[in-house]
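Shared between the two complexes below is subunit A, which pairs with subunit B and subunit C, respectively.
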Partner chain A sequence: MFHFDTLLFALSMMLTVKGILVMFIGTIIGLIFGAIPGLSGVTALIVLIPMTYGMDPVIAMLLLGSAYGAATYGGAVPAILINTPGEAPNAATVLDGFPLSQKGKSGMALGAAATASTMGGLFGLLVAFFFIPVLSGVVLAFSYAEFLMITIFGLSMIAVLTQGTLLKGLIAGGLGIMFSCVGYDPMTTELRYTFGLEFLWDGIQVVPALFGLLALGEIMDLLIKTLPIAGTTGKRAPGSGVWDGVMETLKRSFLTLRCSSIGFFIGVIPGLGGTVAGFFSYVHAKQTCRNSEGFGQGDVRGVIASEAANDAKEGGALLPTLGFGIPGSAAMAVLLGALTLHGVEIGQSIFIKHLDIVYMLLLSILGAHIFAAGIGLALAEKMALVTRIRPAIFTPILLMICLLGSFTLRNSMGDVVITIIFGLLGYEMRKFGFSRIALLLGLLLGHTAEVSFRQTLMTREGAMSFFSRPISLTILIFTLVSLSYPYISAYIRRRRKVHHEK
Partner chain B sequence: MRKSIIVIAAILFILPTVLTSFTTVVLAEDYPAKDIRWILGGKPGGGFDTYARTIASAMENYLPKGVNVIVENKPGAGHRIAMSSVYHAEADGYTMGMPMMAGLFIQQMYEKQRYDMTKVDWLGMILHDPRVLAVPSDSQYKNVEDLQNAKDLRVPINGFASEADVILANESINIEAKYIAGHKNSNEAVLASLRGDADAVVFTYGSLRDYIRDGQLRPLALYGSDERISEIPETPTLAELGQPDLNKIIGNFRVIAGPPNIPIERLSYLREVIWKAMNDPKCQEKLEKANREINPKDGETTQQIMDELMQQYLEVKKELKPYYDREN
Partner chain C sequence: MKNEERIFLFFLLFVAVVMTLMSLRFSSSSRLLPMLSGLFVAIMLVFLLATLYAPNIADWYQRFEGRTIMKTDSLTAAERKREIAVTGWFIGAFLLIYMLGFMVAIPVFLFLFFRLYADYDSWFITIVTPGIVTLVVYIAFITVLRVPLYRGMLFELIL
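Coming up: the complex of A and B.
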């Protein structure tokens, strides 16, 4: 499966003047599309595809791959600077990235995000190179029952994210799940909770809700406090430069590696998506790192975890896309269309007939990561200036970008209304200490949980398959253990203490 | 010298003004004078989107200069959102749509919708894409007979409303199965069958073609085509299996429609432009490259086919009802 000469051929194509130029253009376009909330790597691909009609397929892949690879890093920039994820998968980056900006450490956060996403992306693609032969086994091992168990595991993370305020966290999570039920029943197309409003037929979309909860709430808060994001600190906090961020990430290579692996495996399973990858890996970091009390208040490890995972995930998502023609993510679905447009047949045969294009795609995404990181690092200090602008000047622009972003998603005014409603909701939730992330997790996972539960019941084995399928059972046990672990360890500690006192 | 420059400048300035005022006078009675919106229920990058964008750019060659066809994606609720905004748009010939015909009409038969497919003006048909019944290539079922004798079959579908015709076709040739709904698209459903959660899939030939070519799926029957398909010559049609009547109503009708009561001159103009665009060799070449088939029918013919189709659906309304209502 691994043809070194083909790889060299693709590499030599990429390293021509034309190749590098194309890649550079692709990277810039990807960065811009990623950084503007509402536009995404998917939009970048859709805009670029018509331009590739006349191109050589290999060069076309270079352009598309680099635009796509750069977009994921682009999305981290607004997440860190203005609490608005540029793309949904960057949602978990907000959790610690924005608090870092508030402390005046946005340079460091941007540096860490650039490094982590490059490392994550590289890891994901390198593994993808070698993973191709065993790919089918992994993709086929995940059935409805496993999907349900993964979503339940995801929902159990609410407990980790809301330590101390578990009850409020559960309320917020439950609210999120209730919101996920709005729209037509995924099985029978009956309408639920739509109040006769057409734009609710397809449910509450995650992205407008995300913009409302995270960005709009922040805008209101900024206006009320009338202080720039970075507060009154004015000067840069010590140890907060871009290079400090890079070094922080390199020092934590093992964490980056772990989070990249999580991202990769979530990418391989079609249907879970990058947002889930970011959150899973964030929670993993919070659970396994020492001194994790600072998570959520500006711990650079949170940024590293989320960014490494959501970039590594794309490497994983490539596998089912290329191997089965089953897109692992929305961007992959568009990329798939572009490949067929250039006469490349998708399926197992792609690895025999069009290996050069496969390698080109992988290489261009790799190259784009490095390019994007370079550009990102060079501009980070300048971009960080945003956090020092007075809110009166800054917030109207932000508000416009945010509302426009939710409008462009489906050309629907309804989504703008959703953003505003969730903005108010988010502001109040924050004031009263309810976790907005718990609500988001509920909204994000509720739908998949419902569909996969009902689908499992329709299979031959029915509900038994939750327990009879080994992977499903393992995830279930894992969830239970991770939920009860704090209590068990506390109990053991107490026992030991009692023992000692005796 | 200076004078002549002024004169030339004056001519250059006046000429377009005169010309444009002239053309606006002509166009005021004529149509089209502004951009045409094409509202889609499909997401960017999908099948509906690829067809619409390719045909839209070909249409621009046959429209007056400056008139563009703007494709607008309004996905959601199984094309109902897009259809209702096309239906309620002004019938001035500046709005068109690409409805998912069968699903939308079936829903309208049983529940009141915000559109009425019997009233829309049909503008053309891109393709009648038949459906294919297929099994994973390592399946124990080798032909239709095996499936007829099989017990406790599972078939993954997207939704009961959008695929009621599939269930009807299966039952008409005595294939009894339970249907697992809730898959987002045909790819997810195919994956479910490949990993063994389901035994067979029924989707349009267009969406299963790659899997069949790649040897991952084995086609067993063809629903909704009068003749066998040359690429899969061994696959029998529904007529050969003893159900010739159902052929006409099964499959994915890729049709173009506008709101009801478009003024007749504009309607025939728009139909003409779409017809030319669909037959444009460059447009066909682009679609072929994207692995999308095209078999165009003009507006009048489409109107007839659709009227007939809806008539036949109404005839099987009672038979179809249980499949539409069924959840488990």
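Coming up: the complex of A and C.
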């Protein structure tokens, strides 16, 4: 299935002046769309598709692939600097990226994010290059029971992600699940908690809630405290330390590799998306790294984990999209549309008839990662200056951009209302020590958990399939081990200490 | 601060209880998750409130988890005033957008905010900055993306 000559052909097309120029333009557009809250890689693709009508399909894929590939890194920049993820998959980056900015180390965080993104992206695409035919079976092995187990595993992460007391984390997670029930019941089409409001029929969308909880909550806090993000103390420029971030990431190559693998695997499963990938690897890093007490308070390893995973997932997401025509995310659905528009037949035959386009797509995303990292590293020092600006200047502009971004998602004022409500809720939660990320996780996974659970019960095997299907059972065991691991290790440490004292 | 937290917790409890009770009206399969999650949240909130009113419960829980339950930001009097003002500005921003639409609300809000809240005198900040932001929004959203931005209630009524 792997054709070296076709790869060389795609590479030769990419490495022409025209190819590099197209890729550069795509990368810049992707970076800008990724960095503006509310716009995303999907919007970039939608804007670019009409421009590709007259293009050669291979060059068209080069443009689209590079825009898509650069958007994820673009989203990390506002996540680190202003606690506002440019795209939902960058949500986990704020956990440590923004605290690093508050410590005046935004340069380091941006450097680490750029390097981890590139490494994760490269890993995901290289695995996709060589293993697409082999991994196709994984997509088909996932059914409702596996989805439920994955979401349960995701919800169990609340315990790890909670910074304050676990009780408050559980309440926040429960609230998130409750809010995920708003809207049409996916199985019976019954309306729940819509109060006659049409915009609630489709439920509470994650992105407006995300903007409210993280961005608006932070804007309020900055305006009340009146201090710049990086504070006023410290002589070191916040943008310095970019290379420290790069070196930290290179030093932790094994962590990057592990998190990239998680990201790739999550990407392969349609419907889970980059947000879940980011959180999964963040939790993995927190649970497996030594001296993990600093996670959530500005540990660069948190940024590395999240960014490596959400870029690696792109390689994985291409697998169900190209191989089966099952888009794993909104961006993949748009990309699928673009491929069809250019007369590319989706399905297993794509690997025979249009392998040049597949390789060009993978190469363009790969090239975009390298371009985006270069641009990101070059501009990191300048971008970091935003953390020293007085909040009263940039926060009202950011507020308006967030509200505009919420509106443009579905052209609905209802989403603006949701952003404001979640903004006020997010501020209060922040003030009283509730985990906003736990609420977000509940909102994100509640819907999938409910649908998967009820669909599993409707199958012939019913609830037994949770235990009879090997992948489902493995994930369940993994969840239990992951939950009990901190307690078991603490118990073993205590026993050892007692033993040594004796 | 404790009183404020109590009010917030009672508000959340009210939301959880109302949502749980409302779930009883749904069909048996539709109510499963909302009812279970609502009950779970309500029970946890009652327990959290109990730790506020009964110190021995709080002590027991802190020993159990090994972390402090009440981790809250303490605000100064000036910060408290700003908190109310900022909440007002947020709601004001929404009302402006709702009434006048994005393209009018953005410059108006930014001008008013810079002038009245942030107390800037510089014409560059109060007039030029809102102008630049509006221009960028116009070019990005209307010219390039062709997004039909919300025009506002007033314009909808007039036109």
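The definition used in the following text is that the second predicted complex is superposed on the first by the 482 of 502 C-alpha atoms of A that agree within 3 Å, B and C clash if a C-alpha of one lies under 4 Å from a C-alpha of the other, contacts with A are read in each partner's own complex, and residues count from 1 in each chain.
Heads up, the rule we're going with is that a contact is a pair of C-beta atoms (placed from the backbone, for glycine too) under 8 Å apart; a residue touches a chain by one contact, two chains touch by 3 or more.
Fair warning: this is a prediction, and the values are worked out from it, not measured in the lab.
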First, second, both or neither for A:Thr188, with subunit B first and subunit C second: both
Which of subunit B and subunit C A:Asn411 touches, first, second, both or neither: both
Contacts of A:Gly337 with subunit B and subunit C, given as first, second, both or neither: first
Which superposed partner A:Leu167 touches (first subunit B, second subunit C, both, neither): second
Which of subunit B and subunit C A:Leu216 touches, first, second, both or neither: second
First (subunit B), second (subunit C), both or neither touched by A:Glu198: first
Partner chain(s) touched by A:Ile420 [first = subunit B, second = subunit C, both, neither]: second
Contacts of A:Arg460 with subunit B and subunit C, given as first, second, both or neither: first
Intersection of the subunit A residues that touch subunit B with those that touch subunit C: 43, 187-188, 411, 454
Residues on subunit B engaged by subunit A in the complex (per definition of touch): 44-46, 50, 53, 72-78, 80-81, 84, 107, 114, 152, 154, 159-162, 178-182, 184, 187-188, 190-192, 194-197, 210-211, 213-214, 216, 286, 289-291, 327-328
Residue numbers on subunit A that touch subunit C, as the complex places them: 36, 39, 43, 47, 164-168, 170-171, 174-175, 177-178, 181, 185, 187-188, 190, 192-193, 216, 220, 223-226, 392-393, 396-397, 399-400, 403-404, 407-408, 411, 413, 416-417, 420, 423-424, 428, 430-433, 446, 449-450, 453-454
Subunit C - residues contacting subunit A, complex: 4-5, 8, 12, 15-16, 19, 22-23, 26-27, 29-30, 32-34, 37-38, 40-41, 44-45, 47-48, 61, 65, 67-73, 75, 79, 82-83, 86-87, 89-91, 93-94, 97-98, 102, 105-106, 109-110, 113-114, 117-118, 120, 125, 129, 133, 137, 140-141, 144-145, 147-150
Contact set on subunit A toward subunit B in their complex: 42-43, 45-46, 50, 53, 139-144, 183-184, 186-189, 198-199, 201-202, 270-271, 320, 324-327, 333-334, 337, 340-343, 345-349, 410-412, 451, 454-455, 458-460
